[in-house]
Amino acid sequence: MDFSGFNSAEQVHMNKIIEKKQMQDFLRLYANIVEKCFNSCCNDFTSKALSSKEETCVMSCTEKFFKHSERVGSRFAELNADAMAAAQKPS
Amino acid sequence: MDFSGFNSAEQVHMNKIIEKKQMQDFLRLYANIVEKCFNSCCNDFTSKALSSKEETCVMSCTEKFFKHSERVGSRFAELNADAMAAAQKPS
Amino acid sequence: MDFSGFNSAEQVHMNKIIEKKQMQDFLRLYANIVEKCFNSCCNDFTSKALSSKEETCVMSCTEKFFKHSERVGSRFAELNADAMAAAQKPS
Amino acid sequence: MSFLGGARPSGSGNGLNTDKIDMAITELDTITDFFNRMVSSCHAKCIAPRYTDGELNKGEMVCIDRCVSKYNEVQKKVGEKIQSRGNPGAGGAAPGPMGF
Amino acid sequence: MSFLGGARPSGSGNGLNTDKIDMAITELDTITDFFNRMVSSCHAKCIAPRYTDGELNKGEMVCIDRCVSKYNEVQKKVGEKIQSRGNPGAGGAAPGPMGF
Amino acid sequence: MSFLGGARPSGSGNGLNTDKIDMAITELDTITDFFNRMVSSCHAKCIAPRYTDGELNKGEMVCIDRCVSKYNEVQKKVGEKIQSRGNPGAGGAAPGPMGF
């Protein structure tokens, strides 16, 4: 995003908001991973403790979700950089 | 909704909020259509470009989603108008 | 949650916010139940009125959803109480 | 949303009754949320996920009309059920994560 | 999100142009929402729900790259379609629960 | 939500420490969100979608109790994993749409 039109008071304000949103995004990511990995990995309710198989599944699922998100993020950033470069060429 | 109890300052304020919400609703609708039509239409990841079959599907899906939403909106408005008329009869 | 570090102005403010959130939570619960029970119970669109079978299903679904949520809430509160007690032991 | 009833008093000096406006916003958000869920449910019930053209066919149109009607009835029935359970709306005993 | 274009004027005295900031926040929220949905869709399309280890395999990596590319193309196509339908973005005629 | 730890200082003049209140609201929203997802997941795992009466049967009750317990364990394990990956919570390196 382009904040070049912002004065310094606006930038300070915007930075606070962004910081807060990053915190919220992080917490939502956390909740998403818990939900998704629980739903994928836990299907046996004959016991109340996680089995070691379930635990392995949850750990792999979490790690994989991060790697997935990071890869999506990298590709997305590349696309945005390309789009930005294309938009600035004519001017 | 009934804003008849609002003074003019409140109405101005409310109109600004509604305008902002319409913008947000529109953006969410946009994101919803992209998500839904991508999920329905794109199942082949042997190529990175949209096939013409996928593109046709996405266009039809988008158009149909709009027509669907508009029809739901019309029926919903009729039901609300009926409910409003019924509520005002006894008074 | 622990509001012991709050002064009285902060507590008053926080209570207003909590009250508003409870209202919003309640409305979201309501919308959730309608959505979930409609999706589970209504599959016949040869008529526009709810059949008595569908109505029974919706009523049971609603009642059961409440009992389910309450049970989850009780267990969750127990777990939190245990965690709180464990956290306070060493100090 | 009939049980969003009574306006709470109190204001804030600049000619804006913020409680009244808050209430109106909550009502607006609630109706929008309700509508969006109805659109989504009726789409799942009525629209076949094969998209060869952009027109609704007769069967889909009839299905949508009935779906909206049924969804609305379900909303009323659930609302009655909730009220009979003694959840008064504001400050109600909705089962939440904490007792507050 | 190209059609989030024109900045609206008006300010609020303390050196903060609140409309401009509101617009920036809306843009930020929109991109985040869009990204999160893409992550979720591509996860469903590309990652098999059997979790024996935490590494992405070759097939999954290639699938993710193509998925992001296609998702982005779909976003553009849908955006063009919406604009051609005459929904101008702000204050647009998105089908909503009410006519306002 | 143990890693919501340290309170940030700074206030705003009228006797309200807005950072502290913001933090409390974030914590409240997080717990509510977490709880709602648990309700939804355990409903999908434990409650059969045939609704002939409104009572939970024995099997469903036992399933719910275990489901809550397991969901909580998963939450802890995922939290530990995230922390070991070096995401410190606030301002963390959660993979987002942009680098900010």
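Note that the chains take the letters A, B, C, D, E and F in the order they are written out, and that residue 1 is the start of every chain.
Keep this in mind: a residue touches a chain if its C-beta (ideal position, glycine included) is under 8 Å from a C-beta of that chain, and two chains touch if they have at least 3 such contacts.
Every value quoted in this text rests on a predicted model; they were computed, and no experiment measured them.
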Centroid-based (C-alpha) most distant chain relative to subunit E: C
Angular offset of subunit B relative to subunit C [C-alpha, multiple of 5 degrees]: 120
Separation of mean Cα positions, subunit C and subunit A [Å, integer]: 27
Inter-centroid spacing, subunit F versus subunit E (mean Cα positions, whole Å): 25
Centre distance in Å when subunit C and subunit D are each reduced to the mean of their C-alpha atoms: 16
Per-residue multi-chain contacts in subunit E, two or more chains: 29, 31-32, 34-35, 46, 65, 67, 69, 96-98
For subunit B, residues that touch 2 or more chains besides their own: 1, 18, 25, 28, 37, 41, 58-59, 62-63, 69, 72-73, 76
Residues of subunit C defined as touching subunit D within the complex: 1, 18-20, 22-31, 33-35, 37-39, 41-43, 45-50, 54-55, 58-59, 62-63, 66, 69-70, 72-73, 76-77, 80
List of subunit A residues in touch with subunit E within their complex: 1, 3, 5-7, 9-10, 13-14, 17-18, 21, 25, 28, 36-37, 40-41, 56-65, 67-69, 71-73, 75-76, 79
Subunit F residues touching subunit C - in the complex, by the definition given at the top: 7, 14-17, 20-21, 24-25, 27-29, 31-32, 35-36, 38-39, 42-43, 46-47, 49, 51-56, 60-61, 64-65, 67-69, 72
Touching residues on subunit E, where the partner in the complex is subunit B: 1, 22, 26, 29-30, 33-34, 37, 41, 44-46, 62-63, 65-67, 69-71, 73-75, 77-79, 81-82, 85, 87, 89-92, 94-100
